[in-house]
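Each structure below appears as structure tokens.
Two complexes come next, and they have one chain in common, chain A, joined by chain B in the first and chain C in the second.
Here is the complex of A and B:
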């Protein structure tokens, strides 16, 4: 995969310290918010786990890393915009919605139409890692996101999810 | 017996005066004509020169500088008016107005990052990038000229020298001597610590912190507590030659 090009501020040490002056801090939060989204989109990262070192939050080249406070603040700012969600009550795992669930649902619909699955059946696992979606944006989609997107399609009557025999054998029937 | 003033005498004197006057007028007229002629020759030649070298003036910074030097010698300011034949002919006014607009643009776009203070050389770099298409090289001298024109707008644009660098200020912040000295001290590394300043200028710590706090409030300084040695560093985006993409910052500023 092509390497992600870091923006200029990523190599400027003070951007790793929360700025005390309000205007400067707002600018800082804005830059980080955008960077997190772009980075996650580039590497298809869906979940940031705060208990693990997320490479974006550590810049070893300039020996700086974001404090926990800063990480939570930046993610919190994304959450306030509806572009991220805490997955747990302890606020350790954060789902990053660099593409909105609605957009994911539309993307699935496009895929279904383009590849002739209008009346087809697929397992969720097939959508995530199967041959059909390989090379499309759907490959590697996070399961939580996928289920939510399919629920939107269900509400529109364009898909119906069902459980298979095994617990991890969920599927979906499209009727697009 | 003393000769009394007679009519003939008066008439002779008057005739004399008339002759002198007409002679004087003739001489003056001849001079004016000569001047007019010289001026028209000068003007024609200048027009010719300008027409011939219009592209050089626009594209070649060294040539442009020489042209300005020449204009200064003969007491003409080609930038004084955009309506004169200078501007029409050379488009040189346009050149600087265009540059001025671009300078304002870059300064505004990078302001969230540098607080409205920017190294002149860095500004020039941005402008060069923007003008890559037209391949018109510009010098610091051009920037200074364009900024001096911006002053007329009362927009608070100003160039001042700190240490060995020139900074462009696009916000009406008042910087005192302490601030300038601190910025100068930051030029080598891009940052200072409070200790650096205390040691270097033998100021009381309070004075240093006070100045740094003011600079911080103005958005000219960012703090950095992340260094392994634990000392707080104060970074000056305005002296740091970081590769800021103004378009990128402009996009995020909204």
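Here is the complex of A and C:
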């Protein structure tokens, strides 16, 4: 996969220190929010785990990394915009919605129409890792996100989810 | 004083802070304010109201603080004084003091010899709260001491006799070796004892003895020290000139000595305020006069330190320059806080962190911010940032003050910080100017 091109200010040391002055800090937060979304989209990262070192937050070239306070602040700003969610109560895992759930739902619909699955049946695993979706944006989609997107389609009456016998063979019947 | 009495008062130059410029050897003795001045019958000139009167060893100076002008009477022209009468009647009236002056054809002259009459009498009416007694007593003392006559003699005799421990300026700088013999033959008399190498050695020895005597007397008691203050300053000045003039072929000695020499020179230079404002002399006017003197004093240190001086530094410098009659930190603060109410070119400032500084009014934050901007825009600083000590070096300030400037610049959004492993460093704030929609392309 092509490497993500970091913006030039990524190597500017102050970018990694939480700025105390209000105006500067606000701009810093905006820049980080944007960078997190772009980075996650590029590498299809759906979850950032604060207990592990996330490569974006550590810049070994200039020997700087974001403090925990800063990480939580920037993710919190994304959450406030609805572009991220905590997955756990302890606020350690954060779901990054670099594409909104509605947009995911539309993307699934487009895929279904394009590949002739209008009346077809797929398991969730097939959507995520199957041959059909390989090379499309849907490949590798996070399961939580996928389920939510399908629920939107369900509400619109364009899909119906069903449970199989095992936990891993949940499926969906499209009726687009 | 827009119209100084012509022929009676001599105009006096004022410093930027509104204090009179004193002669090199003149010492301030007493201050009284709210004095009204009139001329006694015969001469019709308008009176002056509400003046500040400063008695020095040489003059009585009248300062009009509102009009920023001043005039003086040389003490040499005082013929007689008539102190306020202590009678039952005078309890209710303001005390008056009359000073009769030597004059010639309606103009005041400087000494009795050239006077033909004593026709001019100045009346001082003390309208202030303070009693004029101290002033009257002190006036008597300085008239008795006749410091101005000694000065006159010094300047006349000074070039004739290089032995007199007097004015270094007249004996050393004015008489260079080149014109020793050529000029003024009527002044130079050949003294056999002063001829030849032995004479030179003897001269040196006598000078040394004199300096030694001065030092011993000066330190024998503090009162004597005060009266010796002038001579001590002279001595310091002379030593400085000597150090400067020391032949350079002897510089084969170590560099350390050179450095030591410079140190001594600076030290001697800062021995300097001949006439410190004291509580005794200024009384109720103390803080105001102190404020003015301080304002004049800090001008040079301010220039040296880039327009801003930490209060602590100012305190040390000022007290070192005073030598005796040291002031307390409270007095300094009081004097500084008066600056807001009088017209001087310096001001006190408190940074957000509580650090107190003195800064000149011409000193602007814009200039500092401009210099900081140049500093942080250097390629090296763009990569590594600057520390408070970097800024201190570049601005010629103390590190603590430089840090205040950095923090102030950060507050303005000009700088941003990097709190990395090697301490707090400041960078040009490029973040604030970035546009999120275009920054990632």
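We take it that the second predicted complex is superposed on the first by the 176 of 176 C-alpha atoms of A that agree within 3 Å, B and C clash if a C-alpha of one lies under 4 Å from a C-alpha of the other, contacts with A are read in each partner's own complex, and residues count from 1 in each chain.
In the analysis below, contacts are C-beta pairs under 8 Å (C-beta built on N, C-alpha and C of every residue); 3 or more make two chains touch, one makes a residue touch a chain.
In this text, all values refer to a predicted model and were calculated from it rather than measured experimentally.
Aligning the two structures on chain A places chain B and chain C in a clash. In the superposed model, A:23 makes contact with both chain B and chain C.
When both complexes are overlaid on chain A, the residue A:38 reaches chain C alone and has no touch with chain B.
When the two structures are aligned on the shared chain, A:50 is found in touch with neither chain B nor chain C.
Using the contact criterion defined above for the overlaid structures, shared-chain residue A:152 touches neither chain B nor chain C, since it reaches no partner. Of 56-64, 92-100, 110-118 or 164-172, the segment of chain B running into chain C after the two structures are fitted on chain A is 110-118. Annotation: chain A residues 7, 9, 12-17, 19-21, 23-24, 27, 30-31, 34, 63-64 touch chain B in one complex and chain C in the other.
Those residues of chain C that touch chain A in the complex are listed here as 385, 410-411, 413, 416-421, 425, 427, 429-432, 434, 436, 439-440.
Residues of chain A that touch chain C in their complex: 7, 9, 12-17, 19-21, 23-24, 27-28, 30-31, 34-35, 38, 63-64.
Of all residues in chain B, those touching chain A in their complex are 112-113, 191, 216-217, 219, 222-228, 233, 235, 237, 240, 242-245, 248, 252-253. Residues 7-9, 11-17, 19-21, 23-24, 27, 30-31, 34, 63-65 of chain A are the ones that touch chain B when the two sit in their complex.
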